[in-house]
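Some structures to go through are shown next.
Okay, so subunit A shows up in both of these, paired with subunit B first and subunit C after.
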Partner chain A sequence: MTDNKPETAQIFGKGSNQVVWLTIILGLAGVAGAGALLFIIDRGPLHTNQGVYVNQDVPFSHDHHTEGLGLDCRYCHTSVEDSAFAGIPPTATCMNCHKTVWANTEMLEPVRDSWQTGQPLEWNRVNDLPDFVYFNHSIHVSSGVGCESCHGPVNEMPLVYQEHSLQMRWCLECHRSPEDFVRPKDEVFNLDWEPSDEGMSQKELGKKLVAEYGLEPKQNCSTCHR
Partner chain B sequence: MFGLLALAALVLVGCRQDMHNQAKFEPYEKSDFFLDGSSARVPPAFTVARDSVDPTSSIYTGEDDNGWMSAVPYVVDEAFLHRGQQRFDIYCSPCHDNTGAGNGMIVQRGFKQPPSYHEQRLRDMPIGYFYNVATNGYGLMSGYKAQVKLQDRWAIAAWVRVLQRSQNVPEGSLSAPDREQLRHDLQNAESSTASAHAAGAP
Partner chain C sequence: MTLRDVDVHNRENLGKPDFIAQDEDPGSITETISGVIFGKTYLWWITAMGLSFGLLSIGMVGFVWLLAKGVGVWGIQVPNAWGFAIVNFVWWIGIGHAGTLISAILLLMRQEWRTSINRFAEAMTLFAVACAGLFPVFHTGRPWLAYWMLPLPNTMRVWPQFRSPLIWDVFAVSTYATISLVFWYVGLVPDLAALRDRAKTLLSRRIYGIAALGWRGAADHWHNYEKAYLLLAGLSTPLVLSVHSVISFDFAVSQLPGWHATIFPPYFVAGAVYAGFAMVLTLMIPLRAIFNLHAYITERHLENMGKVMLVTGLIVGWGYATELFMAWYSGNIFERFMMYNRIFGPYWMAYWGLILCNILVPQIMWSKRCRTNAFWLFFASQFVNVGMWLERYVIVITSLTRDFLVGSWGTYHGTIWDWAVYLGTFGLFLSLIFLFIRILPALSMTELKMISPEGKKTGH
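Coming up: the complex of A and B.
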């Protein structure tokens, strides 16, 4: 009886091997695909907001005020040279000029309201680092890191967008090789500056400046995550 | 594919932002706690900041017993003047322009033209007066004490003096080589103007 086991008692049918291969391949593809999907989402503007224009109640144009009128960044961002925070100007700074220039336009209605009531204007933040990252503007500005290196061509932005991902790997690009980014200290606020203005390539000039300024950007975890 | 999207959605839903947005205020962050909605507070009445200067002292008011101070209460060296130039170009030149004549871009766009620093009335003003205007404003001009620090306002006042001097140097006070250079430049300017006229330019 035990010798005559019928063939139909086989557990696996003829196609079983194919099913197994298909499962393995689709499974691997699924894992890889999910990984790739996460990778793409993580680095893209969906997650980082990179390149996304941010709307404001008052459509303030950096392009107009800097390229058009020639104002220096520091006219409004007064604390950028000696504090962690660059500073958002109080309404009083707007009113230095706008008490008489464009003083009746609808566009500036919220500014005048703020001036009369003392209630600060609300601005929507563009470049927002996570709260577990310590960042200080003054040390970067005084080391020869131009505004443009992080903020992009703000002087040509009617509405501001975030130029870079602000992810850690992006910070480290410069902390690992500052010579690729550093510029002369008196050109930090000049967003039209090019390394060719000094008659050198960025690499040559950068190496010279890194030595001259004694730059040793740290890569310790605790430098930024303190 | 649908399964993948569902998986990604699940993973993303799992992402929380508690660490990104912690229970602390970044500068000027909105607050639900204070009535005005701002986490940034103004100092309480009758208090002064640790590093603030006595607001009745001469260095702050620009005045002493004899009226406007006639000297800058800091050591005025080249670095101080360069600082003054830099701050002047940032905060003052939009209206006063880089020479102090009062033709800055904001004036060109409709702001009332300020007086030129090079008129006799302002040449005769003591330096404390310029410090005071930079601090408290004058007429339509706002005070800049919120935007420019105390020492920098004095540096700006010193730079105004440099500008005034630059436009009004008596020839007799120049050194012989400088005087020679000036004559040379003037002659060149005259001859180039003459040739431009000859060529039909206005």
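Coming up: the complex of A and C.
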């Protein structure tokens, strides 16, 4: 051994092998753990907001107005049958009733302000698709996709939350097998409709309706990503 | 078969000059090769590394600008959406093939002369694949989403399009990169142990020691090492043929005139080996001169590489001839126009350039004087390097800019950012090469000892 070499032949301490094994095991566990974490977060409300109530300046209750008072979805969401966007009602729609009903309550103060100033109410969006997705309400409504199939039991929601993940796999679930979800066209706005109301299982009814309505949901990339 | 058998075979193969100077013994081999690593840092190395890093910096500016502005800063535009990105990708991947051929196929074919050049050629393979990989990733425009090319579980309920050769590419190239890395590393282990034992500071001894994976040179270590090395050689061998075949499918599976040809896989593989050997010579000839490695990289090595270039170059020439013949023989007006357009169309300079570089100039390899002369080999290699790039340019650009419908014709030119990024990959490649020769043994000490006169007597 020449002079310029370290004195000891041992360059590693006695625990070195264990450190190596530990590094390998922890490294693999770390990679697997990070993968599992991403997998879980990607599918949960942390990422999708699924099932999270969204607060609004005016605590409008869909439950009270539809289930309680019997309003139809289309009383407020007027353009749902003819356009891509279902429509958010102008303050005037609220004031049709609230000029006289609960006309002085504190809760409705922002609505009256909006009515007087002409400044529209600002609602916080609940079901928000990414901007790179083209979605059209009218084609779905006129193909026999019920409001409830995507939005859930809005008639039982005091504050609205997002019922589904809105992830692409969820869209494709229906686009690949529409028979599992389609309903008679005149039941689209009936949020309490059940397939058993027609005396059939969803599968039987769905197959019949898909044939009857000639449904061919598209799965091309450019159908939604235009 | 073991590495020892390779030696035995070669010992019987007397009467030819050896692939190593006869006055070399194991001590002198270690001394010379590790001397490159533990010797002082030469001014030329610092200069060369600085220049390479400068080139790399140009590339980094190019990539940052690309990320800031989008792929539009490149010259790509419909109908030519591929452009430099794919030309450079195919070119770099092709270069890597020489490394795998030298390490794997020549090992299995008991070509002793591979021993002096395999380590370096394998390193070159890895670095070339790294450069190649950058292009498709940045060509996506959103490199942070490049993992979408992998079939990972996702919330979109879609998989990559398995019927597309582009996804076959992902598998071919990632397999190639992985196997090449493992093969290279396994071959390095005994040398890393030698470096561990010669390093001067405790820190460098520890770093080389960790990398050497506890190698002590015990008999069972050698036994496992030789098994693993041969198995990996066996695994790598089909890759030499498969990787560039799959890359040629990117073109051949489409229906564009000039791409839709069954000659593509063999012709691409030959071109890849051709380009790879040109690059090995390009790097090896200066390295040999600078570090005075004439004892290990002899004229016979140079001559053999020259022969491989000549043969693969002729196969490539056969490929060009077949393209010409098939264009005429097919009787298809689109095929005929494609060939006419290549030769006389707007990109005629690229076509004639590639004929000059790939077909005409390398014919000097027929002469033994040129094959054994470092200058002429270097000269021919430079033409092949350029020619193989032009070949891919001609294939990608002429077919895309002149397809079936005149209404969809266009023109293509690389922009300054295309060139910046291309130069940048040169910088990356050369920086990695210079780092490699400074911190790892560029020639395999282990295998050189096996073919040295003393090694042949005693084994390792």
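The working rule: the second predicted complex is superposed on the first by the 204 of 226 C-alpha atoms of A that agree within 3 Å, B and C clash if a C-alpha of one lies under 4 Å from a C-alpha of the other, contacts with A are read in each partner's own complex, and residues count from 1 in each chain.
The criterion applied here is as follows: a residue touches a chain if its C-beta (ideal position, glycine included) is under 8 Å from a C-beta of that chain, and two chains touch if they have at least 3 such contacts.
All figures in this text were calculated on a predicted structure; none of them were measured in a lab.
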Partner chain(s) touched by A:M107 [first = subunit B, second = subunit C, both, neither]: neither
Dominant contact partner of subunit A by residue count, subunit C or subunit B: B
First, second, both or neither for A:I139, with subunit B first and subunit C second: neither
Partner chain in contact with A:V52 - subunit B first, subunit C second, else both or neither: neither
Which of subunit B and subunit C A:P120 touches, first, second, both or neither: first
Subunit A residues contacted in one complex by subunit B, in the other by subunit C: none
List of subunit C residues in touch with subunit A within their complex: 153-158, 196, 200-202, 205-206, 209-210, 214
Touching residues on subunit B, where the partner in the complex is subunit A: 3-4, 7-8, 11-12, 19-22, 24, 26-28, 30, 36-38, 40, 89-91, 94, 105-106, 109-112, 140, 142, 146-148
Touch list for subunit A against partner subunit C, complex: 4-6, 11-12, 17, 20, 39, 42-43, 165, 167-169, 172-173
Residues on subunit A engaged by subunit B in the complex (per definition of touch): 30, 33-34, 37-38, 41, 69-72, 74-75, 78, 84-85, 88, 90, 92-93, 95-97, 99-101, 119-120, 122, 130-132
